[in-house]
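Every chain is named by a letter (A, B, C and D) in the order it is written, and numbering of its residues begins at 1.
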Amino acid sequence: MAITTVLGVYREPENVADAVSRLRQAGFGDNEFDILSGTPYPEGSFGEKVQAHRLYLWPLIGALIGFSIALLITAGTQLSFPMVTGGKPILAIPPMLIIMYEGTMLGAILFTVIGVIFESRLPRFSLGVYDARITQGYIGVIVACPQEKLGHTEQLLRESGADDIKKESGR
Amino acid sequence: MVVDIDRCTGCQACVIACQSENNQLLSTEDIVRQRRTMAWIRVERYWEGEFPNMKARFIPMLCQHCENAPCEPVCPVYATYHNNEGLNVQVYNRCVGTRYCAQNCPYHARVFNYWERSTDAPWREFFSSAQMVAEPMNEYLNPDVTVRTKGLMEKCTFCLQRIRRATRTAKNEDRQVKDGEFTTACAQACPTSAIVFGDMLDHNSKVAKKLTDARAFHVLEDLGTKPSVTYLKKVDPNAKPVAMEH
Amino acid sequence: MTAHTAQAGHAEHTGPHHVNPRPNLPEGPAALTKDVAERFAHPRLGALLVISGLMFLGGIAGVVMRISGGYEDRAAWGFYAAIFAWVLSTGCSAPILSVATRLTKGYWRKPLVRMTELFTVSTILLVLLFIPLMPAIPSVASHVSFWMTPASTPLEGGPQWALLLGVLGLMVCGLGLLYTSARADKAAIAEQSGGAAAAGGWGGTPNQWKVMRQGITYLGSFYLMFLIFVHLLVSIELAITLVPGWRDPIFPAFHAITGLQAGLATLIIMLAVMKRLGGYDQYLGLDQFWNPAKLLMAFTMLWFYFWWSAFIIFWYGRTPAEVGVLLATEFGPYLTPFVIGFVLNFVAPLLLLVWNPIRVSFNGPVVASVLIVIGNFFDRWRIYGGAFGVNPLGGHELPLDRIPMTRIPDLADLLVLLGALGGMVFFYLIASRIIPPISLWEVKEGQLLTRVQTLLRNTVTVIGKPE
Amino acid sequence: MQERKVLTELQINDRLLWPVLQTPSWWWPAVILASLVLGGGVTAVTLMVTLGLGVTGLNRPVFWGFMIVNFVFWVGISHAGVMISSILRLCQAEWRRPVTRAAEVLTVFSLATAALFPLIHMGRLWRFYWVFPYDFDRMLWPNVRSPLIWDPSAIFTYLTGASLFVFMALLPDMAILRDRTTGWKHTMYSITSLGWRGNPRQFKLQFILGILLSGLILPVFVSVHSIVSWDFAVSLVPAWHATVFAPYFVIGAVHSGVSGVVTMMVVLRTAFKWQDYITPDHFDALGRLLIAVATAWLYFFMLDVLFAIYGGETKEIAVMNQRIFSWPWGFFFFLIVVLGYIIPVGAWMFRSVRRNIMWMFFLSIIVNMSMWLERLWLIIPGLQNKERLTFNWSTYQPGIIEIMLVFSSFGLVCLGLLIFSKFFPLIPVWEEKEGQLFQAEIKIGNRTVPAIIRE
């Protein structure tokens, strides 16, 4: 069935909070509407709920991968190219530790960034229905609502004080 | 190698011999003034006592081929390492010229090719009038030894090419290399034979005998670099290790 | 980080949503004063007081035995010196937290600063421990020293007196700091119990407050500087100069940093005691545990960093002198204490503390702290045991045949060790009966400056930041 | 209340984005100047490559000169970013907001510049890739025991981390720019902002990212300058072979880095007219931070000097003699202590000085001058009379080439910053807005105390 994305643009954060509670009453689930703002409001300011995320796995995985690659490089190069330098052992652990440390951190950093991009559902190739005023202090409430509820939703958004309503049918 | 300081007269023969054997860039007056002398072996002169009764002390200084060579581990590309003959070898092709090895060599044994040997770039003169290897000077080059280009580190190789030749001939006649069959240019040229070169492991070689001499010492021993070049003290009632003097 | 970041930063079930991050206190200054005065009037931990007192007495006996053993054999004093350094590193380093948090205005500090400052009394123990040690410090003439005096004019007993001045200065600063910050509360408590005479001339005029704040800042900074200075002197005179060829500029810094780490750990343990047994439960919330825990983790990493910075240089340099030092203090006869110290100071605590559920809890930091305090002692033991073992002194490097033997502690050593531990606890508990362990005026100030408001649909705390 | 907020969001956009949306009058002249200075450096490198390093003032035994000094200096400056943004982020210092991005960007560009110097100082620049383990067919590897291999790994990690940090924090701002630009710029920002829409989840993750990356980069930041210091410390050169080098370099780096940030903040404040965003409070806070940092630096400096003399080893004494009593090193020593500690810290003690922009500018400049000299003072003398073979002792005069290179490095960093400032706001816009939101007041008696909101 066709889903229309409705965006209500608000001036007043208070109204947004109001709109959110109305949407709840109208039976919209947390993942059916979303809030767009130019400013990070403290979590839950509008009574919205942010789904849990698994970001903390990413750095760990990255660290592990980075560590093993660094271990491979350091140990492998020394063993496959056994040259005595300055009476140091062929498999010199302390220098390996340094490089392995850097590798670990690099892996962790890279995967954290990738993880954040992934978890925040980016990159997003089309903005979808959007309003440039959002980055100028307005706040948007975006609802994915089925055809039959459409009228009711628009009315609901207007009542809660939306300055403007935009629509885009289809996903 | 053993260097008997007592016999050294500071005649610089070794320096010249080394230079022509190993195709070194001629250390012209200009290069010397830039303090970039290219000699692999140098005779260091230390004055002792007050004028007028002064005394010169000579110590030939060259790469000590240390067992724990400080220059080796710091090279990022293994351009210098220890080969199985206990020689500290320099791989010219691999060298990228970080000059870290030279920094870390307490004996100042390493020299760096600051100049392109032969370039006709006109603005070259602006920086230095150092002589290039132009005709007919290229005739002096030793075919057995690489000619190094700019940006390379180089140092004493204990005349590796001579050792190789000796071993090769010995191999062809399938026998062991005999003592005295090969020697370095500096040792060969030394009129007082202050420099003796040979295989330290072979116990009845000239070198091995001198090693046990009571006067034997190593330069900068407290660094624990275990040099392969042993020096014999000057026979002198008030002798101290020459290297410790200023 | 603060509660905020942990909540955002960590899986919700561990975040401070479910454990109250801030202490829940009686509302209003009057109620607070009354409550604290109440608890202060009926202190707990009597049994612990007695036990630690007995241990302290045993320690005195141990010191007597050690002295009767004489000073000829310096190696015998290695363990004692380690104990001395350990007290310096644990009890005497703990107050730094209050200094640091005051300077950086951490708002979670308020309930725990006093409990931190109470540790300044262990400087008294430090002085007591130092006096018997003085003759064991060799004269400057016998070896290369920092006093740069030519051997012809030996500076007899130079190090001893310098060190004594250091520890005395530390004690003066510490006790001064404690007195200054506690004055207002003494007055408040006294008024509560009706005896305004005991207020000691404290009226609480704006000027007095101003002076007090200034005094706390200055005394705190001086205490910090003195502490670093004493760490420097101790590590140099009792360790570095005794081992020939030990040219290790980072060592004093290592000593100080590890000292701060152990001090923080000591504090966390004592906080747990005061919360669980001391009857100050509701004053110490989660904030007061896991904020120090984060610092503890940072210092645990620094432990490794400072150790490694020295090790990699020695490993790479490999001059005979450096090999000698490594053998004497780390990989030679004192390998076992070194390894134990390494594990307890760095490996174990780090593995515990990087894990959020453990760091953001009441017990996790305490466990890590116990490990660190023990590990710190082993670390000191390998240092001073090794250094005092070197005999004869002198020379530019320590040849292999002069590497000292391992020295197993005897009864006297163990008695002194227990005594030092007991002494720290004993002095602390005594002090906590003379001075209220809760910094009333700061807690009140905190209540005054914290409001709970609603922002749109969620409630937030507003923290006032004057000046 | 709410109206005012809307206005402020617009105001913030206008004030912070104007250098991007319309070009400041001085921008082109500045760019041209910087490029000219940079051109000198390019010429110098060309000469070095064609003729050999003989064109520099290097000799035997002083094989490392200004280029390495400059490398250390710029790595030092690059430690500002993480110091400021990470530590302040972790401490949740509210005043950090306008400072962070400028600091991080400074980190990125100075680090990139620094990374160039070890390369151009190589004898065979065109062989630099040999330090990477790429040669699988011949199995020729780099030597991981060499500090010169540790360096690239550390610097690469740090550079990557810092750049990603900057990029991720830019996402919301690039979204703003996307909404306010047209044409190719609009397309560009649409791509680079990855379609950011600013829903609560994205902002929450953005915040967590700040914490996580700060926590991850801090250890890297410490390791980078430590490893740079080990280039020197692991060698046997007297005055280099000191264990304290790692923390000493790091704290020195922070000292010069934070001062560099102060300099930059003053420039931003005046050049972009951001008086009401970069306020005296910021300089006050940075000044207090600097007092602590400088004192710690002095502590390690003293440790280094003290232990060099201690033990009375001839070689160390010889170097120290030269460093403290001979011209010009003695003079440098004097300058380092006076310009690096006595004058600035003495001045920072006074609140009025910390809040005076011009004073802070001047002080931060002299601090960095002294820190540059300090690196020179640390690196060169040890080489000039290395070990006891006095026959080889020598001195070092930088050639015109090196001096050109040093200047051009400044040109390069400035150029980078200028170009960045043309495309992205140097003050994080969304963080500013957040800061506005988190500001509050509470009344106590007749006094209203400024307060901040914590969840």
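Heads up, the rule we're going with is that a contact is a pair of C-beta atoms (placed from the backbone, for glycine too) under 8 Å apart; a residue touches a chain by one contact, two chains touch by 3 or more.
What you are looking at is a predicted structure, and each value in this text was computed from that prediction instead of being measured.
> So if I look at the partners of chain A and the partners of chain C, which chains show up in both lists?
Looking at chain C and chain A together, the chains touching each of them are B, D.
> What chain lies farthest away from chain C once each centre is taken as the mean of the Cα atoms?
Max centre-to-centre separation from chain C belongs to B.
> Could you quickly compare B-C and C-D and let me know which has more C-beta contacts?
Spelling it out, more C-beta pairs touch across C-D than across the other pair.
> Can you figure out the chain closest to the middle, judged by Cα centres?
Taking the mean of C-alpha atoms per chain, the most central one is D.
> Go ahead and note the Å separation of the Cα centroids belonging to chain B and chain C.
57
> When the C-alpha atoms of chain C and chain D are each averaged to a single point, how far apart are the two points in Å?
34
> Using mean CA coordinates as chain centres, what's the chain A-chain D distance in Å?
Distance between chain centres: 30 Å.
> Centroid of chain B to centroid of chain D, CA atoms only: how many Å?
For chain B versus chain D, the centre distance works out to 43 Å.
> Do you know which chain A residues sit against two or more other chains?
In chain A, residues 13-14, 41-43, 81, 83, 85-88, 92, 98 touch at least two other chains, as defined above.
> Name the residues of chain B that each touch 2 or more other chains.
Those would be 68, 70, 73-75, 78, 223.
> If a residue has to touch 2 or more other chains to count, which residues of chain C qualify?
8, 312, 316, 318-319, 396, 455, 458, 460 - these are the residues of chain C that touch more than one other chain.
> Just say which it is for the chain contacts: an open line, a closed ring, a star, complete, or other.
The chain contacts form a complete graph, every chain touching every other.
> So in the complex, which bits of chain D are touching chain B?
47, 50-55, 58-61, 63-64, 118, 121-125, 127-128, 130-131, 140-143, 145-149, 231, 234-237, 314, 383, 386-392, 394
> Under the touch definition given earlier, write down the residues of chain A that touch chain D in their complex.
Residues 11-14, 34-43, 48, 50-51, 53, 55, 59, 73-74, 77-78, 80-81, 83, 85-86, 88, 92, 95-96, 98-99, 101-103, 105-106, 108-110, 112-113, 116-117, 119-128, 130, 132, 134-138.
> Which of the residues in chain C end up touching chain A in this complex?
Going through chain C, the ones touching chain A are 8, 10-12, 311-312, 315-316, 318, 455-458, 460.
> Could you pull out which chain C residues touch chain B in their complex?
316, 318-321, 323, 396-397
> Where on chain D is chain C touching in the complex?
90-92, 204, 207-208, 211-212, 219, 222, 226, 230, 233-234, 236, 241-247, 299-300, 303-304, 306-313, 440, 442, 444, 449-455
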